[in-house]
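Each chain gets a letter, A, B, C and D, in the order it is written, and its residues are counted from 1.
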């Protein structure tokens, strides 16, 4: 083991490890920090959760974790300190900017940045036409592979519902209804332009009916009538998301729908991918 | 700080702390271990999660944590090693047995044991009369207070549903339906005999309809018809659980019902207590 | 049941319930929406999780849930639409503003608003004096009681660590160290001025050492040396938080510290209250 | 839509869907029920969480969910009702038995069963040689692919610790220590014999030191001394698990280690796979 002199730091990370295996992903996870995004001329502040990893070659014991944090916090403070003008225009642009800073700080062959946050989107309710603010979970991954090319993974998670067509056919129009959650992932090249908002629309429009945070009685009636007019299995919801996503987005598609059945204590799942 | 001699252990816990404040609850939490209960002549094995705490007087720095673990594991091994004959007859009897062992091991004025687990209860489905195994979350707390008296806290958590009466009245019999979760807590003297199964029945019978893991089409129809025949707000479910519980169980009652609305992304809550 | 005419809405909520029991808390929970706070001249955007409840008298079947949502979203849109000038100056001021709007919309005797979010606070690292952005969980509750008076509940949750003094005394200065989480709650009158930042400071300064998102090697050394210089049981951390909080904040204090032991698979807990 | 006669059930699932896409995984998830396993001559009862899915061809609207539940509950009741003699000898044997029953009930080309539960294993503490019961999370997946062949996925999750070698080298033997969690997955042919207990051993022996539920002071000292004698990065732990697993188990290996840093509020991750 190297000796440590006056003001000298031992860099244990640079030593040869006992077991020489390359590791694909080493880094930091569950890091919460502030991010500021300038999107369509308006600034949004988030407190996303970050994961950032690089690979470690077989002959190095470890990575310098603080350089990963610095890449995040420097990219953040660009936005935080220089305000709106320098705010990043999308989560994936922020992710790529973090990898860019990392290239100057820490050698690596592959790198990943994952950013998970919530989006709030205003919607108009179906009958009273009031504004309702709807929350969605989104996650963006930026992956630099060994040949230097970049790909991205975009994920949205949307809450909706299903009204069972089987029970409806067997009960003279009565049926069981429940909350369902739809997830859509698109994995594509970095430069492919796909808005998270469009992915959210694809999922939200595929349920028996969209849901709203604010519903006056006339809106509630419209949602109830809409659900009964559009009964769907989780299978139907998954197929509709899948078909729409294949048509609108270029890339590999993964769809998962989980329904919190109102007649069972367990959930029902439908999943498919391209 | 006391010196440590050959084979001598420093008991830092017995030292005087810098800040002399009595602490009400010090101990171990999130401990998973095996428990065996002999109930109505049949042995059940669980892997519950335990919390066990005692108070610390102002003049002691800390407690001897390993003695709390020993109290649990010894009470456990009674059951594990001596098999059915010595298995405890209820979770609260097990909790009290743990406190009993603790009295020999560690001085204290008050003590608490909390045991959280799942119960699986066989039910008969409404039409096909098949057996369906239903899961429930239960938690039992045994509390010894400073005067030496024992009380217990019994909690059950049951999954059911609500069919909205307001939407039904405004949509010619159509309505939104969703999964709901009902929680009932009874806090009472240790010797009061209350079966967790009876508490589960009180909650499960207060929804628009009970739910089942296994439902053939004829059963599903019965559940759907039942939900439409019995529309309820979360308020109605909470009131029914509360009224039944007050009638059947002696002690302080707390009721909470949360409904995972199928028309909203948020939940609805009704809570009350005696 | 009342008949529904042309364009007439049945208000099932106003009917007399089958079981006439007053309910203490009925409302909405797990609602995520955007909030904008203007604090010390700077605007912060959050996506908090809200719970809002009112009581229901024995003779009313239910509450009008949408009016609760409107109270939140209107108070939100004040901030969102009228920008910085009208942004609320604290989470509790926002909570009280929501209850204020609710008073015009829905009769009630008691009301509660709970707002849960994350705060990011910049800190200076101990040796390199770099800026590190640190995340904290906070929750604020505003409670209007039946006599019309307001109280508030302030909660912070801070991640730190403990270095065990008992193991240190028995192992010639070596010991086990682990992440710990400290929670402080103050329940007080609405007008008592207590900054969440000060509560966070009380908790963070009571661990063996504060933690940082960004640590260069010289900082890491300072943290390690600091932890060994300041060994503490969870009991010690809980007492220090409690003593400091009693001195700095007027109100009822509750402290809970949980240590994710590095030598066990379970956690250790210390809890006390005034 | 088919008409429903007297006592006739509409099988909506058999209809042609609006969007004709094959779905890879449709079924039931988060189902908790009781399972009884006879392992090495001793019977163990679990309450695992099940997921069971089959594929749906493009031309069928949905699957008959209740047949999946029946496959589970029948396989369960074999064990529950016929007691020890018929109890399944492993979780994967149980999973395959469920798929076997499913073959008689529901046509499909591929099927998956996933079973997630806890194991409690007795260990001997390092110095006092007492028995300590240790909890582990395990998950077993059985996958029947379209050519009729079976593979299985075995997963274990073990709690341990890391003592940082970099801080130790820079602080004259002092360092930061923390809880870490290691996950090992082996994907292999169904008939490959791999005990979950052996996988747990591989992970648990790769930390700075194993952890124990029960530790008397002499044991605590042994663990502390052991951690300082064996400092490891998460990278080192991941490599050791990976190397040992490749040597002992035939199949595709995936390793993930997450360390709950005591000097940071975030976690550190190391992950690799074959």
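One rule holds for everything that comes next: a residue touches a chain if its C-beta (ideal position, glycine included) is under 8 Å from a C-beta of that chain, and two chains touch if they have at least 3 such contacts.
None of the values given here were measured: they were computed from a predicted structure.
S.K.: Farthest chain from subunit B, going by the mean of C-alpha atoms per chain?
M.R.: Measuring from the centre of subunit B, the most distant chain centre belongs to A.
S.K.: Identify the chain pair with more contacting C-beta pairs: B-D or A-D.
M.R.: If we tally the contacting C-beta pairs, A-D comes out ahead.
S.K.: Could you tell me the distance, in whole angstrom, between the mean C-alpha positions of subunit A and subunit B?
M.R.: A distance of 35 Å separates the two centres.
S.K.: Averaging only over C-alpha atoms, locate the centres of subunit A and subunit D and give their separation in whole Å.
M.R.: The mean C-alpha positions of subunit A and subunit D differ by 25 Å.
S.K.: Name the residues of subunit A that each touch 2 or more other chains.
M.R.: 9, 31-32, 135, 166, 170, 213, 215, 217, 220, 265-266
S.K.: State the interface residues of subunit B toward subunit A in the complex, per the touch definition above.
M.R.: Answer in residue numbers: 134-135, 159, 161, 166-167, 170-171, 173-179, 209, 211-213, 215, 217, 220-221, 223-225, 227-228, 260-266.
S.K.: Across the complex, what residues on subunit B touch subunit D?
M.R.: 9, 31-34, 44-47, 66, 69-70, 73, 76-77, 118, 120, 131-133, 135, 213-218, 220
S.K.: Using the touch rule from the top, collect the residues of subunit B that touch subunit C in their complex.
M.R.: 1-2, 4, 9-13, 17-19, 21-32, 51, 53, 56, 61-63, 65, 165-166, 169-170, 233-236, 238-240, 242-243, 258, 265-273
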